[in-house]
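In what follows, structures are represented as structure tokens.
Shared between the two complexes below is chain A, which pairs with chain B and chain C, respectively.
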Partner chain A sequence: MTTITIHINEKEYQVAPGKTILEVCRENDIEILTMCHLKGIMDVGACRLCLVEIEGVNRLLSACTTKVGANMIIRTDTERIKRYQRITTELFFAERNHVCSVCVANGKCELQQLGYKVGLDHIRYPFLYPQCEVDSSHPWYVMDHNRCIMCTRCVRVCNEVEGAHNWDVMNRGYQVRVISDFNTPWGESITCTSCGKCLHACPTGAIWPKAIVQGQLNKKPEIIEELMEKRAMKL
Partner chain B sequence: MASIEKRKIIISPVTRIEGHARITIQLDETGAVDEALFHVNEFRGFEKFCEGRMYTEMPTITPRICGICPISHSIASVKACEMIQGIKPAYTGNLLRRLIQLGQNISSHALSFFHLSSPDFLLGYDSDPASRNIIGIANQFPDIALRGIRLRKFGQEISERITGKKIHIMGIAPGGMAMPLTAENRKALLDWIPEAKETVRIGLEIIKKFHRENEAMVKSFATSPTLYLGMIGENGEQELYDGNLRFIDTDGTILQDQLDPKRYLEFIAERSVNWSYLKYPYYKPFGFDKGFYRVGPLARLNVASKMKTPEAQEEFLLFKAIGNGKPVHGTFYFHYARLIEALCSVEEAEMLLNNPAITSTDIQTHGRWNYNEGIGCAEAPRGTLFHHYITDDTGKLKNVNLLIATGQNNPSMNRSITEVAKQYIHDGTKVSEGMLNRVESTIRCYDPCLSCSTHAIGQMPMEIDIIDKDGKLVDHVIR
Partner chain C sequence: MNRQELTNLRSLAIDKQQKYKHKICVCCGASCISSGAEAVLKKMQDEIKARGMDQEVEVIPTGCMGPCNQGPLVKHMPDNTIYQKITEENIAQIIQSQLIDKKPIEDILLFADSREKPFVNANEDPFFKKQLKIALKDCGELNPESIDDYLVHDGYQALSKVLFQQSPEEVIAEIKQSRLRGRGGAGYPTGLKWETVYKHVNDHKYVICNGDEGDPGAFMDRSVLEGNPHRVLEGMTIAGYAVGANKGYAYIRGEYPLAIKRFELAIKQARKLGVLGDHILGTDFNFDVEVRIGAGAFVCGEETALIASIEGKRGTPKPRPPFPAESGLWGKPTLINNVETMASIVPIINLGGEWYSDIGTPKSAGTKVFALAGKINYSGLIEVPMGTTLRQIVYEIGGGIQGDAPFKAAQTGGPSGGCIPAAHLDVRMDYEALVNLGSIMGSGGLIIMDDSSDMVDVARFFMEFCMDESCGKCVPCRVGTKMMHDLLQKICDNKANSNDLQRLEELAIYVKETSLCGLGGSAPNPLLSTLRHFREEYDQRISKPVVNSY
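Here is the complex of A and B:
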């Protein structure tokens, strides 16, 4: 099998071409923070947490959407990257209304874990405190836009795995929102199959089952990859 | 001498209570006490910002009102949720919730008595305020301080052994509990019972000794009669977790018995006042002026016909003898009632832990939104607590009403401090620190929980401003 040589953090690796930097790093136990990445669905480079430095490239590139090239010299652990990761995490928390202590996902939230990883002890940016609706119109699930970080994992899983495309995105910038159908209440959606995959894909407490309380949330994001693997085997 | 005219003495902050408050003592032209006002100057707004949230989030959000009695909020909240879902909790789940609530009651009463109030009894009302606190107790009575701290720890240990957390626990869910009690943890808690009982007995001895040595003061300390409200069991026994309500009048005549807490709005009304963020609830049939009622340990013992456990029942009979068949109105007896309750809670916790079903995994039933309205009630350490939710047809909250124990005691606290201020302050120009401490201690009798995030233990300075009627500062004293 053809391999190419790359360098990550001054160490040489022989890897198969066509893989993303993130895949190579994960295979070799090199830690890269991610939030919008979910195995089994397409990467979009939305969260900007997996940025890496590549020698000869002025800007930082997202590891999940950049493929390895021969003789690439990559750095994942510079002070600049750590600074950016911290800024990005702070902005996640400042943009909407995240209150871990009363969140249904407390203790089981990827955003909360990210905060611990980057050593988040305070946030330097003013909180926006947007007025966000809680969409409780679905009979089983709740969509709380206060806790959404716009990773769009729900949008992609609904489209690529379930094939329903109930979820999509409207507006731009800080006004961006995940919407159901053409911005109708979730419970009135004509495309939603109530499969619950979006719930498992959601990294925070934005989508959760109605009848549970804090401590009972049991999301299984890994089932998305499993589903895709099983489907591939059947084909 | 400066013209006295009408002046004010302001005690701010009130120390050794849970939360932030201020007392203003208004003097008349002769320098005597005209009126005392108890201000709660923190605003939380939970009822408003919970609107729009899901009802199932309330057992998690409302305990954040307070770090001392979060479990009472959780329990009142899940009961309201269970009414919305139309379900009953699982048998063992219910036992575990009851056990956790007893733990909180023990912990809170230990905090109130040993940490916050015992310095007055053991060190004296007029002792140096710099050391009149738990640290001073630790220096002079290290064994008592340690026991008090460990009793509080025992109460919290119950929560930790079941849910993994001491404060703001997870796991109290509509339908019961999310996690069971293991046999190992059950044994660890049972091993702690004898020490906990002994500590409460020591506390009882301290307060009874103080009663004997200060009989005149104890019997005359804010004794205005009020109505009382408390939860009772099926046979009129004192109850904290699950029961109906009883109102009695100033003579002990039962006004309402076995009242379903869901009917609370028929009997309790509230009025706002312009000097405090705490509302003024009153017994509706008697109107605002005559409807003052009290809740909490004193009220629960006054309304109860008996206690559930043998040792607490013995003390209960001694307590009832004080009133000679009538309700005990003396505000100072709150402390005694609190310790009798703590004893009952330890004994009841032992009974529950000895129940083989306590380690069963039959802990939760499940339901979903069915009804628009839910009312939950529990006895918090400081008194009867109501949670009332109205939801839309998807389970989102449209209206939230939280009737908190301290709120219900507010009118009486105000009246009590006026009484004590009049008793001890005769000349507004000669106010000693000890006199002001007595006024403060009236508030501590009620052990108010002012939606606390900060627990003052006597380290904050007490500032006294004497202000003339034009608002000019005449004198300023820092303790």
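Here is the complex of A and C:
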């Protein structure tokens, strides 16, 4: 197999063309922070945590959506990137109402872990405290928009893996919301199959099964990738 | 229809027009219509008919003539006399004096109420004299609903020329030689873009004309689409031939019903004539165009969002690469160009790339259309060679600032641009010069501000626009514009301290560098440029920090 040569953080790598920068970094244990990325579904480049610097490119590019190219010189660890990761994390926390101590996902939340990773000790921006709905109309599950970070992993999993397309996005700007069908209560959805994949895909405590209390949520986001691999094998 | 038949048809149309001694053009651009042009047109048509003059006087509606705040406008050809602020009461007088007695009516001539001596031939008025109309050339002189009139104005000659005399490579070489750059905002070299799409081998390729025009106050593309739709259609067809596409989409925003109507009519007429559809002018080249109507989201003007919208999806941008030239509409190589870019193709083919490249500045060839607005005496639609100074635009074309107030700043590029302060009035307006001043050319919005403008509030206004129009997909733009807006509001309310300003500046750079698409990427521009040129207005409203919370 032909390979191409790239440099990441001043080290040389021989890699297969066609892979994304994120894939290559993960294979080589180079840390890249991600949030909207989930193995098994399409990448959208929305959270901007995975931005990297590429020599000769005047913009920062998202590692999850950018393919490696021959002789690319990539930096993942500059001061600028770290500073921006911290601001992004702060904005995530300031946007909606994240109260970890009472959350079902406490201890298992990817957002919380992100906060630890970037060394977040306080947030410099005012909290927006939006009025968000908690939709508990579904017989088994709850959707709490207060904890949603709009990564759209649930939307993509439902569409691409389950094929139901119950979830979608409405509104613009900071008023965007994930919606069920055409903005009907989840319990009244005619497309939801109650498969529960969105629960596992969600990085936070926004979607959870009823009858679970603080810190008890058990998520397996990796099952999405496993499912897709098994399907591919069957072919 | 073949090439010879097109020539014959054109001769017929010319003969028919030459029968008329006079042509009365009633401007039916958006602004004139809103001040009553349609009633004027109807009255003029009725009156000419009633007097039995309809064999020698042709009365037509046209697209925008330019001096929009003087409307409704009526122009007499061949004298080139323009009358302003016309109502139904003026019609009889115009017919009697201009057409029968052959005497111009001084007190309703264009700019009669503001110039000491208004001009009988409008082309001699500085408003027009300093302009060079290429993209807008026949706008305001031809009937946009008549393909015959377009043929008289050399319509479809360029298409005929490329189909019979030039290979796609030669067309692309011509466009490259012209040094035309995209007029949609970023100024990407058009020839290079065409070549990239041409080089991607695929059975299906697409051409898209971007007529979304969401900048507040902008109406350049609207005027071209309403005033000369065939010109854009012909440009798209030539583009299709050059890049190897058989299908085109004109994406026009829903707020422009007249543009949509006229463009759809143009498509119908062109199909009927055989200059659109299968076997164009008897050749093997097939190309058809459909109109897609945008729902009015600013972000849908961004190319990847626009493509998603045509595909029937939510109009949100996608990270590039891949660029549309490689993977665009339905994953196929796609050429996407702005309306004004497309409208510049026909003259370049007709007159040559070299001719076009000689106009303008070394790095920015040709002309640029601006929507001139704000505290200026003569606002409206203008087209000037690249490199025209801001001073010429404001004082010679625009007739100076209202009430002779001092010029304070000009905002270019709308919510994605920045402001140019008085110290730089002599800047030669082209892509590079504006970027050097911290602004951008953008699509051509040009708002003139006098000394009563509050620059912090200007920044807040544009930030509010970006905050509302952010698609909400990526974090920096979705949350960052909201945070920046709130901080700007706090400064406007005199409640901010220097920590707030520091945070605002840090956020601005962050949002600019990390956003997914150009909306977020340029949303901080008005803020950054007012900070650069008018920092004292921020400082005046800021108190010292109470506690340092860093």
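Quick note on the criterion: the second predicted complex is superposed on the first by the 235 of 235 C-alpha atoms of A that agree within 3 Å, B and C clash if a C-alpha of one lies under 4 Å from a C-alpha of the other, contacts with A are read in each partner's own complex, and residues count from 1 in each chain.
Note that contacts are C-beta pairs under 8 Å (C-beta built on N, C-alpha and C of every residue); 3 or more make two chains touch, one makes a residue touch a chain.
Computed from a predicted model, the values in this text were never measured in an experiment.
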Contacts of A:Tyr84 with chain B and chain C, given as first, second, both or neither: second
Per-residue touch tally on chain A - higher for chain B or for chain C: C
Partner chain in contact with A:Ser101 - chain B first, chain C second, else both or neither: first
Touched partner set for A:Val142, first chain B, second chain C, both or neither: first
Contacts of A:Asn218 with chain B and chain C, given as first, second, both or neither: neither
Touching partner for A:Pro126 - first (chain B), second (chain C), both, neither: second
Chain B versus chain C as contact partner of A:Gln14, first or second or both or neither: neither
Which of chain B and chain C A:Val134 touches, first, second, both or neither: first
Chain A positions touched by chain B in one structure and by chain C in the second: none
Chain B-touching residues of chain A, taken from the complex the two chains share: 101-102, 104, 106-107, 133-134, 136-137, 142, 187, 210-216
Chain A partner contacts - residues on chain B that touch it in the complex: 52-54, 56-57, 59-61, 64, 85, 163, 168, 170-174, 178-179, 366-369, 392, 394-396
Sites on chain C touched by chain A in the complex: 297, 299, 314, 318-319, 321, 467-476, 478-483, 486, 503, 506-507, 510, 513-516, 521, 549-550
Contacting residues of chain A [partner chain C, same complex]: 44-48, 51, 59-62, 65-67, 80, 83-84, 87-88, 91-92, 94-95, 122, 124-126, 128, 149-150, 152, 168-169, 171-176
